[in-house]
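Multiple structures follow.
What follows is chain A paired twice: with chain B in the first complex and chain C in the second.
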Partner chain A sequence: MRPWLFLLPTLVFLAAFTYVPALRIAIEGLPALPKLLVPENASSLRVTLLYVLLNVPLSILLGLLAALALEGNGRLRQWVRVLVFHPVILPTVAFAAVFLYLLNPLGPLQGLLRGLGLQNPLGDPLGAFLAVVLVGVLKDAGLYMLYYLAGLQNIPKELLEAAQVDGAGRALAFFKVTWPLLTPTTFFVGVMAALGALRNVDHIFILTKGGPTGATDHVLYRVYTLGFEYFDFPAASALSLALLAFLGLLALVALPRLERGVHYDA
Partner chain B sequence: MARDWRKQTVGLLVALGLAFGQKTTITFYYPVGVAGPLARFIEAYVADFEKANPDVEVKTVFGGNYEENQAKVVAAIKAGTPPDTAILLSQQLFTLLSMDAIEPFDPYIARDPELKQAVSDFFPAFMMNSTLDGKVYSLPFQRSTPILYYNKEAFREAGLDPNRPPATWDELVEYAKRLTKRDAQGRVVRYGVAIPTENRSTWLLEGLVIQAGGLLYDPQGRGCKVLVNTEPVRQAMQFKRDLAAVHKVSPEGVIAWGTTPGDFAAGKVAMIYHSTGSLGFIRDNARFEFGTAFQPKKVRYGVPTGGANFYLFKGSDPKKREATLRFIKFMTSPELQARWSIDSGYVAARRASWSLPIMKEYVKKWPQALTAREQLAYAKAELPAYNLQQVKDIIAEAEQAVVLGQKDVREVAREAQARVDQALAPFCSR
Partner chain C sequence: MTLRGLRGWAGRAARPGLRVGGRLLREVPALAVSLPFLVPAAFTFLAAFTPTASLNRGELGPFTLENLRVAWASADFPRLYLNTLLFTLGLLLIQLFTVTTAGFALAQIAQRGRDWAFRLVLVQLFLPPTALILPNFLALRGLGLTDTLTGLALPYVASATGAFLLRQGFRQVPRELLEAALVDGATPWQVLTRVLLPLVRPHLAAFGLVSLVYHWNEFLWPLVVIQSPEKRVLSLGFASFARSAESGMEWGLIAAGALLVGLPMLLAFALFQRAFVESFARSGLKG
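Coming up: the complex of A and B.
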């Protein structure tokens, strides 16, 4: 009896704000599943997949590189760490609004952008997509850096010294010692990054509203559009259900496989 | 001193308690659609209303932009707690009717001479989206038309007459070519003209379509006939494309709505198409002399009206309804409309506003404010349709595809027409 009593407050809130609405979404969404078979949804799915495929590796790589470069205690390093980390603290909306200004065709970066052949990045499908990816990556990389810094601290120095004694160069030591021992961190960061890429779309509201011509129409943004702009709640519920099913599948099938490559014995 | 203060507080609390006993509380949702501190103005008007009507308390809900505010009101309706009144786009009439959420004003107009007077005093162009089958479903509040803003200093620099803005599309292109300024390397420092292609909105496109002699909908279509596959629509879309691709006087790609007034005020674009609602922002931020003008014609002048109106929602009791109507009358009175127009740049919707001393003085100082009012003579109702947002999205996406040069305009218009018809079918096949 006691454990249930302790659980009660949490359960009441979860039931009121998660379980019951989820049930309603299932009831409303299931019959509307066939409605999902329209070209707009297919294109939105393609956009989302590309977004995840670019966003996840890039943000992990950036986080890892920053951690490797900024490990240790120098004062300069601490400051640069703050610089890399600060987008995590900023509200996504504010962070994205800064880019709205920077990427304006007549804004401060116009020379650079013109050099890249992107005179009006947010007004161009490819440019807008890359901008959305860039903002997402920069926003999250700082957090992943933090996890990697923690991961690096857990690697026993003796192992690296032993590798050095055995004549391994820095690159070899990284690939044979550091990287394998970071796999738990990478696994965790990877899961976080994938979930983040599927869940965080605030910057799309600010930068592109899914446009131009649907180039940044992330599935979650589309759920919002269907539900709260077209007021087609069945279709929005159905799309949420589909997304949930996809995430569930990912968790059940893909994660255990990936986890096999993880070393937990550092 | 301290005791005095305490006594006053007690007195105030007693007074408040008494007041609460008889107070009628009404809820009011409102949006802000253009740049500037407009929410603060609206809250100040509400405070003034409450001061003049101590028996009414207005609970204001700032709903965000037009679309977000609409979403909040619809959510409230679906939850069974509709607001007493809300300011929503005038073109949402059919969507709101399909939800069976709103009531016409007619019974109250018949009973209330003041309201009747108000209805006949609004500019007819601003009532076009309000009426259906002879019934009045909404009253104008924040109304606008899109106009042409131009930089007079840039005109002088380019050898153009600053008091003769372009009157036709051809002139617009010709002027824009002269106004586009490049540096030694051939990079553009100032564009000639910018016509935003906003995501999710068809407003500026509608203006171009009217100027080309068409209309985006059939006025007899009762929200069910949206016309995309027509020659004027194709001309309008192609014109926007050509400004950048052929004439090179406009930035390539889709031009954002939100940042355009800022670009104009910073002198980076010499002419822009934008809402009169942005006049306040441009007035306060441009450091050069600027003019406003009718949007140039192709075969005729014309723009859609825009902006939002007061609606009455079903499910209000008579006491609340009476208080709500008193509030709406206050907010649409000539005095308040004049004040609102001066604060924001929206067009005062009452004709009587314009003969008030404060308005006359304002217009003398800022004759730019007159353009939108005069342009009303050429204005048409803004696209009224069921399933409004989806219809607008389809058309806006088609327009973007043309502006980006992704597809041929004929193909785009044909496809968009088919998709629009499909989006309307569930509401219109009955």
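Coming up: the complex of A and C.
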């Protein structure tokens, strides 16, 4: 019985700020669910889904590519690792603000942007959405690189050497040895990236404020505007419930595996 | 999973003798990966020291400290730093207690209850405070704690990540050590503070660093909770400053402000690079 006593402080605070609030959302959000059918809310849910579907694979990919390119020693690789990791420790709002400058129509990247057909990315629905994805990916990729670097450390060098002796090229060795053995890391990074994409919207406040025309109106951003700018608590509750449904779905997939410690025994 | 490889983070210099051309070719992937990170970092740094008028003409320089001076003067930075420090360090102090006790419990609870206890705590990962801003704000209002740094900290007092991390640490301690202490008549509390705590210090340090960084940078929840300008934390102060600078297209000011906000963490990172890297790796991996 004793150990449960040690868990008590945590359980009390979880009850007050996790369990009860989640229940409250369920109870107060449920009757307001028809409000989700308002076009703006439906569009916000679609934007969120697209954001997650784009953000997660891109950040996994960038984290993995960075780890593969920067593994090992060498002064240049050390420096680039620091460079890739540094946004992780910066406030998202500060990191995002820099992109206000970089992406402005008269900014330093105007040639590149015009080449891409995006003269004023933040003023254009597609451009703004892509900018928000880009900043989200760059902010977190360094952390995922770190997980992948640790994952790569655990792959026995003999396996890769054996593959090479058998005549496998680097690409084949990657797809037959490295990638399968990184599965637990990829699963973990994927879960972290999906969680991040659902809960970190700070850059939207700086870059686009949900616009233009709702193109970046992430559901959590909309919860904030509905709840704390329009004080429409029922609608904000209904949207929060939708967000919790996304998160619950993720938990259903991830919790059993995290619990069994798949990643941790990798 | 070990952190062996990451210790080589600040490892040896490249082998001598390789021709520069060959070496550069081998580093093409590294250079390619660096590009999307180098561009924002370099432009922030350069823009912070360039007058906005030059920036809008597409020029860099003549370099000046004017942006930093104006940015420093347009927000109450000493107050913002102080509030952020109070919030992050105060919270951390309480968290060190809750995650240690929770981690200890999760490592000790008998088989039957363990899965349940574990699930009860882990569920917080998927019900993060940021997704619960609405009901948590209402709860704070009920307690009369809106617009206070205490209220800001409350949803984070219990931490699933921290409990998990500490549980991993406690599980590595040999059972015999605990049993020996208990046979010698030590109470569970004494076992925890005298025997175990010194052994999980690296886990506590890792959690502490990650918690500090996370809450130092946090924006959305403070935006909801804090109303008075004199209680603002750094991210809030910066956002309101950036809004006005953006409407005036004052890019130099924005870059300078971003530098002022990011600098304390960047400096800490430069000084304790390995500690940062290991802490972040550990907080996601078995330590």
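We adopt the following convention: the second predicted complex is superposed on the first by the 249 of 266 C-alpha atoms of A that agree within 3 Å, B and C clash if a C-alpha of one lies under 4 Å from a C-alpha of the other, contacts with A are read in each partner's own complex, and residues count from 1 in each chain.
Please note the rule applied: a contact is a pair of C-beta atoms (placed from the backbone, for glycine too) under 8 Å apart; a residue touches a chain by one contact, two chains touch by 3 or more.
Given the structure is predicted, the values throughout are model-derived calculations rather than measurements.
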item: Simultaneous placement of chain C and chain B on chain A, clash or fit; value: clash
item: First, second, both or neither for A:L68, with chain B first and chain C second; value: second
item: Of chain B and chain C, the chain that contacts the larger number of chain A residues; value: C
item: Touching partner for A:F228 - first (chain B), second (chain C), both, neither; value: both
item: Partner chain(s) touched by A:L106 [first = chain B, second = chain C, both, neither]; value: both
item: Which superposed partner A:Q119 touches (first chain B, second chain C, both, neither); value: first
item: First, second, both or neither for A:V47, with chain B first and chain C second; value: neither
item: First (chain B), second (chain C), both or neither touched by A:L58; value: neither
item: First, second, both or neither for A:T213, with chain B first and chain C second; value: first
item: Chain B versus chain C as contact partner of A:A32, first or second or both or neither; value: neither
item: Chain B versus chain C as contact partner of A:L181, first or second or both or neither; value: neither
item: Clash-bearing segment of chain B, relative to chain C, as chosen among 4-12, 166-174, 184-192 or 256-264; value: 256-264
item: Residues of chain A that lie at the interface with chain B and also at the interface with chain C; value: 100-101, 104, 106, 228
item: Residues of chain A defined as touching chain B within the complex; value: 100-101, 104-106, 111, 114, 119-120, 122-125, 127, 208-214, 225, 228-231
item: In the complex with chain A, residue positions of chain B that touch it; value: 67, 71, 74-75, 95, 187, 191, 197, 199-200, 251-256, 258-259, 263, 266, 268-269, 387, 389-390, 393, 396-397, 400-401, 404, 406
item: Chain C contact footprint on chain A (complex, rising order); value: 2-14, 16-18, 20-22, 24-25, 62, 65-66, 68-70, 72-78, 80-95, 97-102, 104, 106-110, 138, 142-143, 146-147, 149-154, 188, 192, 195, 198-202, 205-206, 220, 223-224, 227-228, 233, 236-237, 240, 243-244, 247-248, 250-251, 254-255, 258-259, 261, 263-266
item: Residues on chain C engaged by chain A in the complex (per definition of touch); value: 1-6, 8-14, 27, 29-34, 36-41, 43-44, 47, 55-56, 58, 97-99, 101-102, 104-106, 108-110, 113, 115, 117-139, 154-155, 157-159, 163, 168, 188, 192, 213, 216-220, 223-224, 234-235, 238-239, 242, 246, 249, 251, 254-255, 257-258, 261-262, 265-266, 268-269, 273, 276-277, 280-281, 284-286
